[in-house]
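Structure first, commentary second.
The letters A, B, C and D name the chains in turn, as written, and every chain counts its residues from 1.
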Amino acid sequence: MSDFDTVDAVVPILGEPKLLTPLESRKLDGSRLFVSDEDRVVIEVDAGRLVETVSAGKTVSAFEMAGPRRKIYFDPSKLRCALVTCGGLCPGLNGIIRSVVLELYYGYEVRNIYGIRYGLQGFISEYGHDILELTPDMVGDIIGNGGSFLGSSRGPQDVEAIVDCLERMNVGILFMVGGDGTLMAATKISDVITRRRLKISVVGIPKTIDNDIHMVSRSFGFDTAVGLATQSIRAAHNEARGYPNGIGLIKLMGRHSGFIAATAALAQQDVNFVLVPEVDFDLDGSEGLLAALERRLFDRSHAVIVVAEGAGQKFFDASDRKDPSGNTKLQDIGMFLKERIVRYFDELKISVSLKYIDPSYIIRSLPANANDHVFCSFLGRNAVHAAMAGKTRLLIGHWNNHFVHIPMSASAGRRKQIDPNGRLWQSVLEATGQGSLKNP
Amino acid sequence: MSDFDTVDAVVPILGEPKLLTPLESRKLDGSRLFVSDEDRVVIEVDAGRLVETVSAGKTVSAFEMAGPRRKIYFDPSKLRCALVTCGGLCPGLNGIIRSVVLELYYGYEVRNIYGIRYGLQGFISEYGHDILELTPDMVGDIIGNGGSFLGSSRGPQDVEAIVDCLERMNVGILFMVGGDGTLMAATKISDVITRRRLKISVVGIPKTIDNDIHMVSRSFGFDTAVGLATQSIRAAHNEARGYPNGIGLIKLMGRHSGFIAATAALAQQDVNFVLVPEVDFDLDGSEGLLAALERRLFDRSHAVIVVAEGAGQKFFDASDRKDPSGNTKLQDIGMFLKERIVRYFDELKISVSLKYIDPSYIIRSLPANANDHVFCSFLGRNAVHAAMAGKTRLLIGHWNNHFVHIPMSASAGRRKQIDPNGRLWQSVLEATGQGSLKNP
Amino acid sequence: MSDFDTVDAVVPILGEPKLLTPLESRKLDGSRLFVSDEDRVVIEVDAGRLVETVSAGKTVSAFEMAGPRRKIYFDPSKLRCALVTCGGLCPGLNGIIRSVVLELYYGYEVRNIYGIRYGLQGFISEYGHDILELTPDMVGDIIGNGGSFLGSSRGPQDVEAIVDCLERMNVGILFMVGGDGTLMAATKISDVITRRRLKISVVGIPKTIDNDIHMVSRSFGFDTAVGLATQSIRAAHNEARGYPNGIGLIKLMGRHSGFIAATAALAQQDVNFVLVPEVDFDLDGSEGLLAALERRLFDRSHAVIVVAEGAGQKFFDASDRKDPSGNTKLQDIGMFLKERIVRYFDELKISVSLKYIDPSYIIRSLPANANDHVFCSFLGRNAVHAAMAGKTRLLIGHWNNHFVHIPMSASAGRRKQIDPNGRLWQSVLEATGQGSLKNP
Amino acid sequence: MSDFDTVDAVVPILGEPKLLTPLESRKLDGSRLFVSDEDRVVIEVDAGRLVETVSAGKTVSAFEMAGPRRKIYFDPSKLRCALVTCGGLCPGLNGIIRSVVLELYYGYEVRNIYGIRYGLQGFISEYGHDILELTPDMVGDIIGNGGSFLGSSRGPQDVEAIVDCLERMNVGILFMVGGDGTLMAATKISDVITRRRLKISVVGIPKTIDNDIHMVSRSFGFDTAVGLATQSIRAAHNEARGYPNGIGLIKLMGRHSGFIAATAALAQQDVNFVLVPEVDFDLDGSEGLLAALERRLFDRSHAVIVVAEGAGQKFFDASDRKDPSGNTKLQDIGMFLKERIVRYFDELKISVSLKYIDPSYIIRSLPANANDHVFCSFLGRNAVHAAMAGKTRLLIGHWNNHFVHIPMSASAGRRKQIDPNGRLWQSVLEATGQGSLKNP
C-alpha cells in the first residue's frame, strides 16, 4: 500500500460555494449535520507508515469526506441536472437513480432532473432516444426491479456532441454511473467542458460488478452478485456429489479480477479450485490443474471448480478483437476447461461426470439485496451533495468505512486486482487447499 | 383424452396380503384410515364420456387409489428393502428418500433399508460403490439439500447382474426413482424377477423434471424447476429492457416436451416468444420467428424469447449420437438461435443487444420448494404402502388430485407432451401474442 | 365425498350468447380452442360410486369446464366491466387483476374496465374513493408486488347502493375477488340485480388464504403462504434446537381450517405437534398436549409446535365480538399456549426455553410464487371467459385438475375443512407422531 | 470520535511465541503471508486529528492487525481447544464454528477440539450436557443451517467452576462467541485464569445481532438480519397500501440501539417513521408521533412505522425485572404503540386499518447470507491465528476494513449506538421525512 503516499486527493471545484443550502434554512439544529472540506479520511491506515510520513514532514494523503456542505455552488431554482447509466447492468442501478432524484428533489428542491436513456447514446440525437423528466413518483418503486430504469448502452460516443447536448439542455450537473470506459469518458467530457469554459459539474459513480476499480474499496452490486453466484456453486456442488467422479465447473464474471469468484468461493465453502486472472496456473504437469483434479477425485470422488472469465487467457492466442466498448474480447475459458478436463480423463479412461454452469447475466440483472440497497442510497445522495457544492471531476467512493470524494485523476486508468499475497487470496488457498497449481 | 378407455389399470401383485399391518395394532380407531383396492379413481373425468361408457356396459378405466392397506404381504421383521435414485438430478430426490425411510421405519417397523449408491451402478460390484444402511437419523435433515443423498448415475446396467445383487442381499422390495430409462429398466428387472420366480416387489417413482411421463399428471421437482426458471426470465427481461433493441434469450430444460418453458413463461409474464419441441416453427419467411422478432423490436424495442432445449431440432442434421443413457443427444438450439438472430439483424444493419442465458443445472440441482417437499413426502409414503401390500410393477402417480397406482405397462414407452390445441399452449399464445410463427 | 351427488352444478345465464367471440375471427384455426357447455368434469372420481350412480339412472354431478366459448353474450365494444378485490390480502391478487384486464383487453377487445378501489367501499360514494380506468400498461408490471393494486377493505356495504353504482356506471360484468363474506355479498348483489331485471353478470373468484372454501380444491395464494410459513418453522426449529429444552411455538393463519398449518408442517418436517381447529385436543391429562410435550422434551430435549389461530377455541369463553366483516373474533390461542406451557414447566421446575413466532401478515402480503402466478393467470382468464358468455352467479374453481364453473349456490355458506380421517391429517399424524392428544 | 485517543490497544499475551507455525514449514514461499505485531491499523482516520496527534508527540492509537503469525505459542500436537456459543442465536454462528474447527485442524494440525454444548451451561457438570469432539467432517455442512450447531444458553454460570472445567479438560485455548454478557464473563474467566497462573488463552468473537458492541464496526449476522427485516417491511407496506388509511407497524430487534431498524428502513425505502432507543420522541402534541401520523394519512392515506424494541421506554414505569442473563426486560413498545394509535384515531372517529408485524426470531434464526458467511469465515480463522500466537483477553474485530485484535478492556462495558447527529440517522430522517417528532 506504499504507493498511497503519492495519491493526489485534491478535488477540483467549479467555483466558490456561496449559497446557503436549503437544508440549512429548513432545519433548526443542523449545525452538526454538515461536512466540511477539512474533514478528510486518511488513505493509508498503517500506523507505522502514517507516523513516519508525518514525522518526516510529508503530507498525509487523505480523501475529502463526502456529505452535505453548508454552502452550495448551484442555485437550485435554476439548476438542471442530467443522469446517465452506462455499460453493463449491475444490481443497484435503480437504487442510485432513485436516491439521486430524491436527494435533488427533496434535499435541494431541484425541479429539473433529466434522465438520459440508453447510456451515452441518449446524448446523441441521431439515436432518437427520448429524454425523461424524472420525478420522485416515477422512481419511487423502481428499487424492486433489476436492470436500469434509464436503460444503458456500451461503447463511446462523440465527446463534443455530448457536451453540445449538455449545453443545449443547459445542464449544470451531469451524474454518470458507469465503469472504466465511462469514467474515462467523464474525464474527456470534463476536459471539453473546461475548454469551453462551461460551469458543468461531472460526478461519477463507479460501477463495476467485478469490484475492480482502483481506489474504490467496494463497488455497488458486488455483494448481490456474490450472493447470486453462490447459488450456482451450490447447484454445481450437488451435481458433483451426485455422480461418481462428479465435477462441477462454474464460470463467473471477472474479466480482469477474480473478486466475485474468490469471494463466492469463500461464501459457499464447497469449492476445491478457484481460478482467477491475477494468479497464473498450469493445466498440465504434476502440479497443474488436471493432475491436481485427478488427485482430488481419487481422494474424495467429487470436485468443484470456479473459474473467473478472465482467468487462463495465456492458453489462447492473442486476439485483437474488441467489443463496442473497446474492451478486449476474452476467449471462453469455461468451455476450454470443460473440453480439456473431459479429454484428460477420457485419455486416462477414468469415467467422470462434468457439469458446466455459467450463470452469466443472472448475477448482474436481478434486484440488489438489502445491503446494496443501503449502499446505493448513500452513493446517490453523496453524489448530489458533492455536485451541489460545485465539486467536479470526482467519483464517490468508499474508503475506510467512510464515503469519500475521489478525484477522477486518482483512479482513472488503473485497476484493482486480487493481491496473490494478500489476505483474500490466502484465505481462498486455505479454504480450497488447492495449492499453487504451478509446476516448479 | 379418448384413449383413456384403453388403459389397463390392473396392478400386479406378488401374492395375497395376509398379515395385519403394524398400523392396525397400534391405532385404536384406524378403521377409516385404510384404503381398499376397491377405492379407484376414474381416469377420464369428462362426464359425457363416462356416462356413455357405463351405459354401453363397458368398463370404466380407473386407477387404484394409493395409501396404506389393512393387510400387508411382507413380514416387516424379516424384510429387506433397497432404494435407488437414477438419472439426472431433480429437486425432491432427498424428500423421497427421507419419506421412504421414515415410513418403512416408523410406519412398518422395517429395520433393514439399503441405500444403493450412484444409481444402477450401485448394484454392480465392479464399480465398488458401498451400500448405505439407512436410518431415520441419517435422512432426518437431508431435505434442506439439493441433489441426491444416495448419488445417481446415467445409463443402463446388466439386468441379470442387478437381480443377482438383489438376491444376494435378500431384498424384498426395490424402490426405483428415475425417469423413462429407469422405468424401462424396472420393467426388465421385474421380468427377470418373475422368470426366476422371486418374490421381489419393484415400485417406481417417476422422476422427470420435464414433467413428461405419460399418465403422470404432475412429477416432483417440476414446480421447483419452474420457480427457478423464472429467475432467468426476470434477468433476461431486465437485460432486454436495459438496452436499445435488447433481446433476452433463455434456454430451458425440456428435451421432448416444453412444459417448463411454457409454464415458466406463464409464471413470469414478460415473455414474447416460447419455443417448444411440440410446436413447429419457422425461422425465415414473413411469419417466421426472425421477422416476428423484428416486428416486436420495432413496436416495443425489446423482446424476450424462451426456448426449450428440444425445440427446433429440424434445423439440424439427423444425428445418431446417444448419451450413456441411450438418449439422443440434442443439437444446441440456444446457441443456434443466438447466432441466427445476431446474423439476421447484422444483415439488416439493425443494431441489437442479445443476451443469452442458460441456467442449465441450476434449475434441477437446488433444494425442492415447500410444495414439492409435501408432494415428495406423499410419493415416498405411498410407494411404501403399495410395496408392503405386495404390489409390484407399478408407479406411484397423481391423478385427479389423488395419489394412485399406475401399472408400469400403462405408462412405459410413452411420453406426455404439450397439446398444441390444449389449454396450456393456448394460454401461452395469449400471454405472448406470438402467433403461429409458421409461414402459410 | 358421498354428498357430491346432491351438488347442483347448473350455472345461471343472463341470456343466450349469440355473438361470435373476437377470438374466432382473429384465429385461422381456432376450432379446437373453444370449450362447450357440454364439456363437464365429474365431481366425484370414485369409480365405484360413479358406476352405481349411472347404473341407477341418476344424474352424475359434474361442473361445466371453464374456458372460452365460441359465442358470447356481451358486445365487447359497448361493454363496461368492473373489478373489485375484498377482504384480507392474499398472494396473487395482482395476478388476477392483471389477467382479467389483459384478457378483457386483448382477448375480447373490451376497452372500459373499471378498477373499484378499496373493496366494496369503492362502490359507495360517501367514502370518496376514485375509480381507476384500467389498461394493460397500468397492470403490466404489478405481479412483482404483493398486496392488491386496487386496495381492499373488510366488511359489508349496502347492497342496494352497490347495485345503484353498477347501474350508474352502466356495468355489464362485475368481477368480485373475495372470501366467504364477499361471495355471500355477491349472491345478494345478484339477487338485487335479478329483482331489478338488470343484465349484469357477477363472477366470483374465491379468495381464501386458508384454502377453506367449499367445492374449491385449491385457492390461490395458499401455496405461497405455505412456502412462507415454512420459514417460520425453520426459524422456530433452530431456536428449539439451540437451547436445552427448547420449544418453538408458531402460530399460523387458519380461523376455521388448519390447511396452512398442516401443509407447512408436512413441507418442513421438523414439527412435533400440529394443532388445528378441526381436531380437538386436551391440554391437561396424561394424553394432553402438556404431558406429551414433556415426554417429547424428555426424549429429544427440543420440540416444535405449530398452532392454527382457530385451534383450541374451547379453552376460551364464548365471545360475541365480531370484526367489521362479521367474523367472530378469535381468542389468541398462541399467547394462551405460550403462557400455559411456561407455567406448566415452571410448576414442574423444569427449565425450558420457549420461543414464540407469529409471522402474521408476512405470509399473506408478499408476492405470489411462480406456481400461484400461473394459477392466478388461469383464474382471471377463465373468469372473463365465463362472464363474456353471459354466465353469472358463479365462481371459478379448480376441480380434478380442470378449471370449472361452480354455481355460487353450491359453495356458499359451507366451508372446507381438514378431514380428521383423511389422508392429509393422517400424514400429519405420521410425520409428527403426536398421537391423539385426547384423554380417554 | 475524539475519545479514540484514549484507547488502549495493547493485547495481552500468555508468553513469547517461539514455535514455527506449521504453515511455515508447509509453504515454500510463505514470507509475505504472515502478519507482524508491528502491523497496526489506526483507529482514528480523520487526517487532521491524526497529524495533530503525531505532531504533538502523542501515541497514535492503533489496533494490531489480525492474521497468522510466523511464530506461535502453543504446540499444536499437545493443544486442546474449546469452543462455546452463548446467548441469543445469530446468523453466522455455524460459520464461525466451522471456520474455527477447519483452521485449527488444517491450518495448525490441532486434533483436540471440544465443542461445549448449550453455552456456559456446558462447562457445569450438573447440567449433564455432553462435550462434542469436533472434526472437519462434523462441521463441513453446517453453514446451510441457522441456529448454533453447539446450542446455546442465556445467563451467567459460576466462573470458578468454568475454569475448573477448563483445567480438568486441559484446555489451552477457549473461544467464546457471545454478546455483552459473554464478553464480560470472558474477562472474569481470564481473571481467574491469571490468578491461578494458568496458560489459557481466551479469545472472544463478539456477537450482537443489534450491531451494538463498542469498537466493533460491524458484527456478524447483522447484514442477514437486516435483509430478513426488509421482508417484514415489504409486507407491512403492502398491508398499509392495501386499505384506506392503512398503517403498517413493524417491531424489530434492537434493545439499546436501533441499527437494524434504521438500516432496514434505508434498505426498503417504504418507511415513514423510524423509532429507535437513541432518539427520543413524543407521542402527543402537535409534533408528536400521533399528530405526525395523522398528517401523513391525510396526505398519502397510508403509513409505515418501524420501531426498535428498545425505543420509547420512557412511556413505561421503571421496571426492575431482569431476564436470566441479567438484562433488563423491556416493556413491549410494539403493542403499546398499536393500542395508542388505534385509540387516537378511534377518538378522532377516523377509520384506520392497522396491521402489526413482529418477525421476532425469524430474523435471527435463519442461515447467514453470503456476505455474513464470508465475514464469519474470516472471524473464525483470525480468532485461531490470534490464540495460536499466545494472545489472550482479546476480541476479533473489524476496523477500517481490516480484521484486528481488540483488547477486551477496550470494548467491555460500553455500547455502540446510533449517533443522532451522524450520517446514518440523518439519512433516515431524509429517507422518511419524519421530522423531529419532538414538541418544542
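Please note the rule applied: contacts are C-beta pairs under 8 Å (C-beta built on N, C-alpha and C of every residue); 3 or more make two chains touch, one makes a residue touch a chain.
This one's a predicted model, so the numbers in the text were calculated from it and none came from an experiment.
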Of A-B and A-C, whichever chain pair has more C-beta contact pairs: A-B
Copies subunit B and subunit C touch via same or different residues, half shared test: same
Geometric centre distance via CA averages, subunit C-subunit B, whole Å: 28
Chain centre separation (subunit A, subunit B; CA means) in Å: 42
Computed distance of Cα centres, subunit C from subunit A, in Å: 46
Two or more partner chains touched - positions in subunit A: 145
Residue ranges of subunit C touching subunit A (in the complex, touch as defined): 144-145
Residue ranges of subunit C in contact with subunit D within the complex: 89, 118, 121, 127, 129, 145-148, 151-154, 231-232, 234-239, 241-244, 353, 355-362, 364-366
Subunit A - residues contacting subunit D, complex: 28, 32-33, 38-42, 45-48, 50-51, 54-55, 60, 62, 67, 98, 102-103, 106-107, 143, 217, 223, 226-227, 229-230, 263-264, 266-269, 369-371, 373-374, 377-378, 381, 400-403, 421, 423, 426-427, 430-431, 433, 436
